[in-house]
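Presented sequentially are two complexes of subunit A, the first with subunit B as partner and the second with subunit C.
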Partner chain A sequence: MDPLIVTQAINVVYAVSTLAVLSLGLAVIFGLLGVLNIAHGEFIMIGAYCAYTVESSGWPYLAAVPLTLAVCGILGVVVERVMIRPLYRRPFDTLVATWGLSLLLRKVAEAIFGPGFRSLAIPLPGTVRLLGTEYPIYRLLLIAVSLTVVTGLVVWFGRSRTGARIRAMVSNPELAQAQGISVRRLAAATFITGTCLGGLGGVMVAPLAPVQPFMGLDYVLRAFFVLIVGGLGSATGLLSGAVVVGGFDSVISAVSNTTNGYFAVLLLAIFFLWLRPRGIVARS
Partner chain B sequence: MAIEKQGFTRRTILGTAAAGLALGAAPRLIGPAAAADKEFKIGLFIPLSGPASLFGPSSQACAELAADEINKNGGILGRPIKLIATDAGVPPAESAKSAVRLMLDDKADLFIGMHDSATREAIVSTVKGKVPYIYTPVYEGGECDFNVYSLGETPNQQARPSIGWLASEHNAKTYYLIGDDYVWPRKTNAEAKKYIAENGGSVAGEEYVPFGAPNKFEEVVTRIKSAKPDVVVITLVGGDNVNFNRTFAGFGLDKDIARLAFLLEENTLMGVGAESSGNLYSCMGYFANDPSAVNTKFKAAYQAKFGDKAPQLNTLGISCYTGVKSAHQLVTKADGTDGKKCMAASEGLTFETAAGPATMHGRQVDKAMFLADCKGTQFNVIKTFADVKSGSECKA
Partner chain C sequence: MRAVSLAVVIAVILPLVLGQFWAYQLGLYALYAAAAVGVGLCWGQAGFLPLGQALFFGLAAYLSGFAFIAFQNQIFLALVALPFIALASGLLAYGIGAVVFGRTGESGAYFSMITLALSLLAFQIATSWNSVTGGFDGLKGIPGLPGLDDFSDVYYVSAAVLLVVLAFAGWLYMAPIGVLWRALAQNERRLQLFGFDTNQIKSVAFGVSGLMAGVGGAIYAPQQGIVTPQLVGFGLSADLVIWAAVGGRASLLGPVIGTLLVGSLSAQLRDSLPFWEVLMALFFITTVLVFPRGIAGLPEPLLLRFMKPRSSAAAIAAPDGIAKKLPAKLALHEITVRVGEVTILDRLSIEFDQGGIFCVIGPNGAGKTSMFNVVSGELAAAFGQIAIGSSDVLGLPSSGVSRLGVARKLQIPSVFPDLSIADNLAIALWGGRAGMLQLLNPRLRRWTSPMLKELQSRYPFLASGARTAAELSHGEQQILELAMALLTEPRVLLLDEPCAGLSPHETAAVMEIIRWAAQRLGGAIIIIEHDMSLVKELAEVVYVLHNGALLAKGNVAAIQANPDVRAVYVGSEK
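The block that comes next holds the complex of A and B.
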């Protein structure tokens, strides 16, 4: 087959899988808790700066994972306790509060690391021959890791007891509480999982992206589009949203140009908000 | 994001309209009031918020250094310079409002701007030549409004010599043009295509990505790989520039295809990173590591004033130093800020820059240009083009 078509096809798979993993944290927080976390992109940014810190200190790249979990975990605990807990079930208020948080986190990052761009060496540089075309190894690895993380979480959410408790909390908090589920603690844990997933997404894309305090803005918008199109609160919603948004964007960018790709994504989001506001997979 | 713009209400629109009317009705009030003030007030438009705010600190620092040097020698017409830094990282209409406030409330004597062309057009149409306005950064050329002076690198200065050099030294024949979708990349590429044709080359592809959108470049890079050009001409800015170059090198194209970028300075190169900067060229009027005596002296003064926290020098920041220095010469030569006198004084005006003396012709600046290739995250000047004409001189 024409190597151009093969490469563009892999690009589509890459776009969809990275979009799914970068939207995961938002899907958990917005989809399950109903908290409109505008600061999702800033947790991705924090993950990327953790990776930068690890790399510039000469540690192995994977050390960024525990560091990010620690930083985003602690931040998640504090933010949930101080800011989010009083605002559950007030989606618009959480939007304003987390918007403020995103400004604060950006400024803190700027104060620590400066406003300039940082670059990280790609942990696995070079390209590999695949289906008759050269493709960057690290991007292929990202596809594999993204699919593993998303599938793992989806299976865990569907099968584990904790997953069942979360589903119970989401559908009826009072009843879940009456059943002996500590809703408060469970909601906090869910929120922290979301911030940590955002951070991990940042660690994954840091070697490919311009790392700077504003980088989160690039991701949060697409993540919201994924949830608008896919629908909230379910794994299939997240996946179908990522496939439709990432796929549409990438395919149209490949056959036409980037402007039309972005235009298609915006049209798609408007179309769904207008005609199908609950997304492809609406939660009952 | 839409959410961040909701502060724009009917009240603020009314406010702007009212301010605009007041300004239109009271042009005579501004001049005498300004002259009576002892300080020489310069409205300095630089990006202090938003993604371009990366260039804010160096712009402000360079302007302050120039103001200090002038104030030590008696200021402008005996009046000490006072810089009023104003955010130009906001939408153009907001900057226009700031311009009104600076003229009416602060009685600013002169404006200096380091920002994009959309903001320049908004400020120009608001100020209407009532005070001199010096526009400093790299731009597409052709700004000829009354009492406006442009200092930056034009396509004739960046694209013509560098494309000529690539054609003769690297036998480059085919070019692929990629840029952000706004006025500077499109006009620069329109000029670049002329120079490519003059050198017997051809354009293999030309495309633009939406400006300010969260762009990714896998699809673009794949298309370039399939088009196999000799050179990619890049008019992307900031994060897009970093992102594109990292993706380009990630796909392994940096080994065979040269890249020529027209807004690649020290900060952006730091983002591109050492392992993605092979076969990458930049053509600018200033590089911070220029070893000339003038720049060494300038950097020593900069270091002495700002110490270890000094913002990274770059051609955009440095343009604000040139802005203040040229303002000093312009107003001194014209003996005031009268538009007609300043316009007349600007012809043949000479002033200091960090890269040596420069001369204004047709309210644009002829200057030396440097072509550098990237060695890791450092620029390595391989060719100097002396006294390159702006190619954009204003008739009157």
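The block that comes next holds the complex of A and C.
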């Protein structure tokens, strides 16, 4: 097979799997709590800056994982308590509030790190030979980690007691509360899981993306389009959305340019809004 | 009027007091303020949040830049082009609104995210399309407006433009369309049931906001001499939202106050205070969560007086409703509705072919409210036919059904809580009577009808116009909603448990209106009712639904004697 086609094919797989993992946090919070967290992209940005801090302090790259979990976890607790909890079931107000949060986090990052962008060294440089072509190891690793994280979370959600409790909370909060499930704590935990997943995604992509205060906007929009196209509330929805959006974007960007890729994704999202407003996999 | 002349006087004096530097600053920020007024219109009035409003400002700025460069030897041609450039922004916004709102209905997040995405896309195009836009460095060398000598002249042009935008917005806020925008933000479904195409009304709001941004952008290019991609990007889009919120999005002047105060202050302090922008973001969040009225909320009474029509003005008789001559006839034929695996209506055939009071009864889950939902176009039928008069209505949206003379009162009182009683009643009068263009005429707020006068003399609280509907008791709200449904002078009136939750006294009042309305309208009044004592008093014919189909039909005595009906009500399945 033509090595160029193989490279492009792996690129598409890479785009789809990272898009899935970067959308996961938004999907958890939007799909389960009904809160559209526009600041999701900023949690990705925070993860990326954590990675930058770790690298520039000379620590091993993996140290970025606990640091991000701590930062995004604490932020998640505070934000949930102050902003989200008073506004559950007021979707429009949470939209405005999380938009304000995204603005705040961007400005804080800008005040600390400056407006310019930073680049990180790739922690695992080098390539491996795969199907007749050389492919960067780090990208392959990201594909593997992304798929593991997404499947792991989906399996855990389907099998564990906590997953069952969350499903109970989503379908009927009052009844779940009456059954002795602390809906308040569970919702908070779900929100924090979402923010931490965003941060982890940021750690993963930081070496391959320019790290800058407003990098999150692009991610949150793409993640949102994944959810529009795929449909809310199911793993198959998330994955099919990531396949369609990521695939469409990377193919069109490869044959044309990134602006057209972006434009195509936007048109696709509007098209889905018209024809399948609940996405490919609508929740029953 | 007093507020307007005050604004003009302040605008004229300001540069004389503050000097040339501030005249220049305010001249720039007055243009941004025009766009912020548009954000206030969408967000504070109509209740949806555009996150990419700079797109329309920047688009007009680029177009205006092109025009001034192309016509630099015949500047008057560029001046002629300015209104069309602003209009182009407005039309683009209207088109985007029509596409996005056309399907998603009320969902706010989708609209906001798509506008944000469009603004990012425009930024990418403006940055990468070097040959046309000048790329990242921007479009340079745009000639200025002719005949302006110093910064105060520049300021006066901007201030005049802003005042025109404000006057336009003020007029719209006082006109019926403004009332409908505020109603939309509170209860979109109720508006649709009165026959208004809410997607259209929202698209118009967004189009007008795009036009306002376009006006600002069109003047920006010759004023600043350069147009950069930042003008279409998320940064300015975000600033417009912040300024509108901090100033007070719901009021006319709030966005202007926010822009001039916060915007021009930020321009000074951004560089000297490193955490200034962080503080602004915190301030924004606090305003949105705790103090949604913003700075303009402080002297609220003054602004309110400006927005209200004078109550002393004489009332104007409304024209007849368009449905007046239609026959009172509603027929469902083999209507089947399924949701998932469940069949809610099962080949339901039922006919109401004359005027009178009819009661629909049946156990919970029989499909009574679903029948109403399918008639008013809110629930899709898998197959079957519905005829109102001689028109086949299956598949019409609820606004279309309403215009055929069908009014509906919902089970839980559904009014516009933050609007005055007078505006609530006026909306009902406009539904089915006013065309889209008439909605721009503020005189329509003085409409009255003989029916309204009679209702007001029966229920004096309906005449206490300035109170908001939220201040009414539950029973009064039920009567208000019923009165609103009657004001459309429907041929078919659907009432879903009109006496639910009412005291015996209020129940008697509602029953009296229903009887009165049956005489007065001569149409069919179809009531879903559980309380058999009410059914006995009101119903000429009783229809019994069971498992989504018609079980029996007849007068009260016949229904009470019917063995099938008795079997259903004591719970045994035959």
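FYI, the second predicted complex is superposed on the first by the 278 of 284 C-alpha atoms of A that agree within 3 Å, B and C clash if a C-alpha of one lies under 4 Å from a C-alpha of the other, contacts with A are read in each partner's own complex, and residues count from 1 in each chain.
FYI, a contact is a pair of C-beta atoms (placed from the backbone, for glycine too) under 8 Å apart; a residue touches a chain by one contact, two chains touch by 3 or more.
Everything numeric in this text was worked out from a predicted model, so none of it was measured.
Q: Report clash or fit for the pair subunit B and subunit C bound to subunit A in the combined superposed model.
A: Subunit B/subunit C on subunit A - steric clash.
Q: Now for A:63: first (subunit B), second (subunit C), both, or neither, which partner does it touch?
A: After superposition on chain A, A:63 lies in contact with neither partner.
Q: For A:115, decide between first (touching subunit B), second (touching subunit C), both and neither.
A: So A:115 only meets subunit B here.
Q: For A:189, using the defined touch cut-off, is the partner it touches subunit B, subunit C, both, or neither? Pick first, second, both or neither.
A: Touch partners of A:189: none, neither subunit B nor subunit C.
Q: Which holds for A:141: it touches subunit B only (first), subunit C only (second), both, or neither?
A: Once the two structures are laid over each other on A, A:141 reaches no partner at all.
Q: Kindly classify A:83 by the partners it touches after superposition: subunit B alone (first), subunit C alone (second), both, or neither?
A: The answer is second: A:83 touches subunit C but not subunit B.
Q: Which of the two partners, first being subunit B and second being subunit C, lies in contact with A:99: first, second, both, or neither?
A: both
Q: Looking at A:268, would you say it contacts subunit B, subunit C, both, or neither? Reply first, second, both or neither.
A: neither
Q: Pick one for A:221: touches subunit B only (first), subunit C only (second), both, or neither.
A: It touches subunit B and subunit C both.
Q: Determine, under the contact definition given at the top, whether A:259 touches first (subunit B), second (subunit C), both, or neither.
A: both
Q: Looking at subunit A, which of its residues have contacts with both subunit B and subunit C?
A: Common interface on subunit A, subunit B vs subunit C: 38, 95, 99, 214, 217-218, 221, 257-259, 262.
Q: How about subunit A: which of its residues touch subunit C in the complex?
A: Against subunit C, subunit A makes touches at 36, 38, 83, 86, 91-93, 95-97, 99-101, 103-104, 107-108, 110-111, 214, 217-218, 221, 224-225, 228, 257-259, 262-263, 266, 269-270, 273-274, 277, 284.
Q: Looking at the complex, which residues from subunit B come into contact with subunit A?
A: On the subunit B side, the touching residues are 1, 3-4, 50-51, 53-54, 56-57, 181, 207-210, 213-220, 222-223, 225-226, 238-239, 242-243, 246-247, 250-252, 267-268, 270-276, 312, 377.
Q: Per the contact definition, I'd like the list of subunit A residues that touch subunit B in the complex.
A: Spelled out, the residues of subunit A in touch with subunit B are 3-4, 7-8, 11, 14-15, 38, 95, 99, 115-122, 125-127, 134-136, 138-139, 208-212, 214-215, 217-219, 221-222, 250, 253-254, 257-259, 261-262.
Q: With touch defined as at the start, can you tell me which subunit C residues reach subunit A in the complex?
A: 47, 49, 51, 99-100, 102-104, 108-110, 112-114, 116-118, 120-121, 124-125, 128, 234, 238, 241-242, 274-275, 277-278, 280-282, 284-285, 288-289, 340
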